[in-house]
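Got a structure for you, written out below as structure tokens; questions coming shortly.
Per-chain residue numbering starts at 1, and chain names A, B, C, D and E are given in the order in which the chains are listed.
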Amino acid sequence: MQRIGVFVCHCGTNIAATVDVARVVEAAAKEPGVVHAEDYQYMCSEAGQLKIREAIKEKNLTGIVVCSCSPRMHENTFRQAAERAGINPYMVEIANIREHCSWIHKDIEEATEKAVILARAAIAKVTLNAPLQSGTSRVVKRALVIGGGIAGIQTALDIADAGYEVDIVEKTPSIGGRMSQLDKTFPTLDCSACILTPKMVEAAAHDKITIYTYSEVEKVSGFVGDFQVDIRKKARSVDMSKCTGCGVCQEKCPSKKTPNEFNRGLNTRSAIYTPFAQAIPNVPVIDRENCIKFKTGKCGVCSKVCQAGAIDYEQKDEIVTQNYGAIVVATGFDTIKLDKFDEYSYSTSPDVITSLELERIMNAAGPTKGHLERMSDHKPPKSMVFIQCVGSRCADKRGKSYCSKICCMYTAKHAMLIRDKYPDVEVTVFYIDVRTPGKNFDEFYRRAVEEYGVNYIKGQVGKVAEKGGKLLVQGVDLIDNKRILMETDMVVLATAIEPNPDVRKIATMLTASIDTNNFLTESHAKLRPVESPTAGIFLSGVCQGPKDIPETVAQAGAAAVKVVGLLAKDHLVTNPCTAKSDELLCNGCSSCEKVCPYGAISYEEKEVNDHGIRETRRVAVVNSALCQGCGACTVACPSGAMDLQGFSNRQILAEVDAICR
Amino acid sequence: MQVEKTQEFRPKIVAFCCNWCSYAGADLAGSSRLAYPADVKIIRVPCSCRVNPMFILRAFQRGADGVILCGCHPGDCHYTTGNYYARRRMTLLFSMLDYLGVENGRTRVEWVSAAEGVKFSTTMNEFVAKIHSLGENVRLGDLRCKKD
Amino acid sequence: MQERLIERAKELLSDGTVVRVLGWKQGDLGYNPEPAYFNSPEELKDFVYDGFCGANLSKYMIAAGKMEGNTLVFLKPCDTYSFNQLIKEHRVNREKTYIIGVGCKGTLDIDKIKNAGIKGIESISQDGDTLKIQTIYGEKEFPFNDALLERCTVCKGKTHQVYDELIGAEEGEEAGPAGNRFEMVEKLEAMTPEERFAFWQNELSKCIRCNACRNVCPACSCLKCVFDSNKFDSAQKANVDTFEEQMFHVIRAFHVAGRCTDCGECSRVCPQGIPLHLLNRKFIKDINEFYGPYQAGEDTDSRAPLTDYTFEDVEPGIVTERGGKH
Amino acid sequence: MYQIKKDRLPELFAAMAGTQDLFLPIRKADQTNYGLWTEEVQVDLDTLKTVKSGKDCFFPQSETLYSCKKEDGKLSIDPAKLTDEPFVVFGMRACDVQGLKVLDNVFLNDPVDSFYAARREHGTVVAIACHEPEETCFCKVFGIDAANPAADVAAWFVGEELYWKALTEKGEALTESVKALFTEADESAVEEEKKQIQAIIEKLPFSHLDLSRFTPERTMELFDSPLWEEMFKPCLACGTCTFVCPTCQCYDIKDFDTGSGVQRYRCWDSCMYSDFTMMAHGNMRTSQMQRFRQRFMHKLVYYPANNDGMFSCVGCGRCVSKCPASLNIVKVIKKLGGEA
Amino acid sequence: MHRTEQEQAELLKEISGVDTKKCMKCGKCSASCPAYEEMDIRPHQFVSYVQNGDVKALLKSKSIWKCLSCFACVERCPRDVKPAKLIEAVRLMVIRERGGNYLTPDEVPELLDEELPQQLLASAFRKYSK
């Protein structure tokens, strides 16, 4: 029989003003097993904790119930106090009589009665508590960053600079990400490549950073401190150690009709290609789907022209298995598909483009070598219309409910750059709101209007139609309350951004939670913004929510610090509230295994002695290092063999009974 | 056994709340001083998927008049998938209880995030009101557990 | 057909494919054959296969799988669903089992015959669509179809889901009478909660907690049932209170939900004639409606509905919204 | 001997129930079991065998022995009240009546079971002769005469009449209390019925089972028979046979925590259950074969050995018709008795 | 029955099923409207007028007879506000206030016009049959 001590906290007047603390003590003292009950002003104070420690020693207590604030607040405090007095910290239960009682009830009678019942439930539970031992698990001093954009690069650099090994896995043939596609950046208008390339080079040169490009994460197992990850290095068909990056192969490649992804399909590329000139690594890949050699078996031009003999058609995908202590997700974003926005004629007119396409058009290395021209007839436009919020702030299924955050600013940038370089081009921006929170942002936008004469019209465009080589824009000016019907040469859509479509697959592998928009969920919206609720998984960049470059870089650094904080530990303490299977009751039916999100349950053929019957049975075994203690298995188990330590069937039933008594 | 007709009906309500979202939501309701009747007593479980149908039946056996299960919103489960299993289990269980002729308002599932103190409080107020309208649970109780 | 089965069993015993045969043995009344093991060709003289061989032998294969050597088992089409489900749950040993899928014309319910007032039955024989019943009170006749077990009036079909060979189950065989198996469930759903409560009170109060339903159920294959262990303080041997009837049957149905193949054994064996299949079918109906059609035992590797989910699953509130009457 | 028209039976029931509880076969949800008579119930005297025997009326499936409570550190015990009011059980059959005698030997001998004794003392049994015995019946094997049930009152249905004859003092007293409803009748009225019943019984398939091998001397031989291993195999280990049996008397004692106290109750147990006679060290019968053997050895060997040769089977045949695996005591008697 | 303007606004929301609070004032409805130039009060204004309880102006507006019920605004509204349903509701309110049909079904054929869009006809007939 447990010897239980009950400690009722006044919390100043927070509890004592609505709960008759003395009556709670009196009632608790009568409960079976209770040998000590007292109250105190502030149980969490050093003096309060001392009372607990003294009582444990004097009365030989084996179980502690503290009636106080939420266990989310001070459970740890009281567990530590108990531990210091020599009893197992998991022999402590909290009755939440503040948040769940005194703060929400006014009537003292009612509140006191409820506090007594909550205390009773905690006493009933602690009666069945058993000492639990936390285990420890190792921390592998190596981090994985998934995604090699600016977020991933920055995170990797910061972790590596702190002295830990980092691997970057990038799906495309080069690191650089979206930022490498941008021409200029707001609000300072510096060239994107000029500020990104040095970072890329730094990452590539860093002796603590290993970069896997053209690679994907294939499988993740393990848990915080010790994830095991399979990385699939897709066959590049080019030997990285031999290639000099001379580029002859790309020039000579006869298959040049593949839409160029880097230029958003505005021009084409060869089947063997590097996405862009500054690519890191500067080693091409063969796109096997479009390569004549792979399609027909004939050709082999690249192999013939390669002086270094780097072309290797036989190369196979390779799986690299590596252990990591922490994983950072930096999978970034893409623009949404516009197939549901027919009113803007995006899919029918080549002169209606997205902002990201405009970036490529404006870029000196882009499809037009930086000349602003219409994609239909390659003539320079005389007027341009920008439409904001295309697919953002949408309540219906066509778009996204959120604000994409960056569009207002890049549109101002585009408008400004165009007016600067081509002053004769009329630029009109249709907007709903102009949102410019950020340092020097509103000033930037005002300059576009005031200095560069960009025409901002409040009102969404209803329709864009092609008419005689021109685009007819039908809108409305909400300020003047008049219809606008204007002809223009180009229309640029500020297309909503969305998380990279691959993120759902990755999140599932990582058991990291994801919201309805596919953004990864942070552990706490305010206080833990760069951590996933899944321990050991961190978030960097737009995968967590829309953000611009400075914010991304800031978050990348923050994620890196969190990773470093984790990797700096020698070992981690594991949660002892894990599932446990009673092998005498287990049928080996596999129901539990199917619902375990952590792959913590496996099966063994085990010799059991069931009351004298000896036989070999297939029984479930829980890996307590993997188990996170959710309890899904305990309900899936029909025989009741699976139970959860710390929240056992009998403990919860005891609470139910005590409450309903 | 005589039930005092004059005495005001004070329902017994058990609320199972997952540790990560709903229990925190209840804490937020508390720190925001959002009142709900004292008839509701919360049991903390790690996840909504920890709640066994037997716990719910047991509560009714012991005289509970209503049982509510709160967990993280689908997609937000701390354990990724727990509430999806809970959702199926509870849907089927509630449907079965309804089929047996138990008033279906006596059981409820609500997804309450840690940020939804208001929702927690409103939900509990609504639920208590519903149980008041249904009255005492007689169809799923155990006579032996009635205090006489 | 019986002769063909015996012949084949003898062959398989003689050539060493199997060391024992699990089938049905002639009873001492016209209608009570029992499941039995036959260890030698000679013992097979007592083998019988007729309309009263309703017993689903799948569950016996859990025990048989632990015995030395291979076992030949005869499975009717609907029994094979149970066997498959047991394979899925790692409860039987497929390697050590030789399955002969036997054709089935429907199995019979002796109580239906007795309830029609036919007493003192000495023997029963089939003549076309009619059962000829010899009793001490004279000869009686009874239509074959009227004597079918409820489950056979809503036959799942004549296709075996797993077997090594088939006997008497020819291709394209007509399915049995295919009634709507959810008819009674729907009827109950259409009642008011008060009526439903009264219906189930009436039925469940008959329960004597003999556990026949559980022990015969191929899905109830737990080594130790929760109702026999103290894990939930749920071990009770009798229904001391009506709550216990509800608790036992609801939880049992819940535990087999998504695993129950609707073999109907529970209702067949209940000494008090409680229509237990109506509980299981309610879950089956709900699962089909909420999560898409699912037939347990059709395969050996799919996820059961309760160990699966989709992001878009209906919310438990559907029960209130759908509501039924109040 | 008295007689009363069948259609006046409701009046008879009302008269008996006026002064005491009346239990009789009631049809509910398509099954017939003993229950308390009220005007609403559907009395069913046509069904030969109720699902559960009338044993329930004297030895209920579960009954509370006492309840206890702890309040303010003090324990109080409240024993259950023993039956102290008279009651009538109407409609039992000869086999069930014999079943009570089997129970009597167990519960009324020292140490006396006070709960059972109180019910036996206050209960009056009216038994009906079996008009149409069925193929599962084999009471004759145990020397029971279904045409002459040996209860407090014996009754016969002949045509539209019920004939009534008190056999004991309790029976006389009951008869006295409802005599106003009866008319006098002649014993000869039921002679033909009795003969008919006995003639049918002669023809029943199980009426001539040979019990000669079931003797105390053969205990070990029967116990060690290799046949058990073969016979038990289809057994599902359910308790159907036990719970429908009029003579099974094993019970388990359990505690129920009501939340505010503890109720100690007893309920029928079944030797078929794996936790039957489970003790702290484990179970002495570890296999189903052993439990299966226990049931039949008890009925056919151990009990008679201790009770002057009285078998604790009465041939009611309930297990024959209810066993889910079609096992039954008849198959055992035949097999062990050397017939099959 | 006499209603205050605020009650009328509530009624309009109820009839139309429109939640005017969802409007983010982007103007896409008006920008999409083919009858925009004909209207004195524009589709986007209908939403804010109802939101502000200014129903009298709407009841008098000629816009309600100019709306073609083409549902372009409903289709394109990013916030799923459905201005056309609101306009339809105002129309209904006018018709009901006038105390019944002021055109009989026989009169409809006379008004038929080859160029009249089918949708308008359907919607007009619905209006008259109320």
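Note that in this section a residue touches a chain if its C-beta (ideal position, glycine included) is under 8 Å from a C-beta of that chain, and two chains touch if they have at least 3 such contacts.
Note that the coordinates shown come from a computational prediction; the quantities given were computed from them, not determined experimentally.
Traced through touching neighbours, the fewest hops from subunit A to subunit B number 1.
Both subunit C and subunit E are touched by A. Using the contact threshold fixed earlier, the set of chains in contact with both subunit A and subunit C is B, D.
Among the chains, the centre nearest to the mean of all shown protein C-alpha atoms is found for B.
C-beta contact counts were set side by side for B-C and A-E; B-C has more. Comparing mean CA positions across the assembly, the chain most remote from subunit D is E. Spacing of subunit A relative to subunit D, judged by their CA centroids, is 70 angstrom.
Centre-to-centre separation of subunit C and subunit D, using mean CA positions: 30 Å.
Taking the mean of the C-alpha atoms as each chain's centre, subunit D and subunit E sit 81 Å apart.
Centre-to-centre separation of subunit B and subunit D, using mean CA positions: 45 Å.
Counting partner chains per residue, subunit B shows two or more touched chains at residues 52-54, 58, 62-63, 75, 81, 85, 89, 142, 144-145. Shared interface positions of subunit C, defined as residues touching 2 or more other chains, are 224, 226, 232-233, 240, 306-308.
Among the residues of subunit A, those touching two or more other chains are numbered 595, 636, 649, 653, 657, 660-661. By the definition given earlier, chain contacts exist for A-B, A-C, A-D, A-E, B-C, B-D, C-D.
Residues 66, 88-91, 221-226, 229, 231-233, 255-256, 303-304, 306-308 of subunit C touch subunit A in their complex.
In the complex of the two chains, the subunit A residues touching subunit C come out as 584-591, 594-595, 603, 610, 615, 617-618, 636, 638-640, 643, 649-650, 653. Of all residues in subunit D, only 28-31, 33, 48, 51-52, 61-62, 64, 132-136, 200, 203-206, 230, 233-234, 236-240, 242-244, 252, 254, 256-257, 265, 267-270, 273-275, 320-322, 324-328, 330-331, 334, 340 touch subunit C in the complex they form.
Those residues of subunit C that touch subunit D in the shared complex are 27-29, 32-37, 55, 60, 110, 119-122, 135-137, 202-203, 205-206, 208-212, 214-216, 224, 228, 233, 235-240, 265, 268-269, 271-274. Residue ranges on subunit B touching subunit C, taken from their complex, read 52-54, 57-58, 60-61, 74-75, 81, 84-85, 87-105, 107-109, 139-144.
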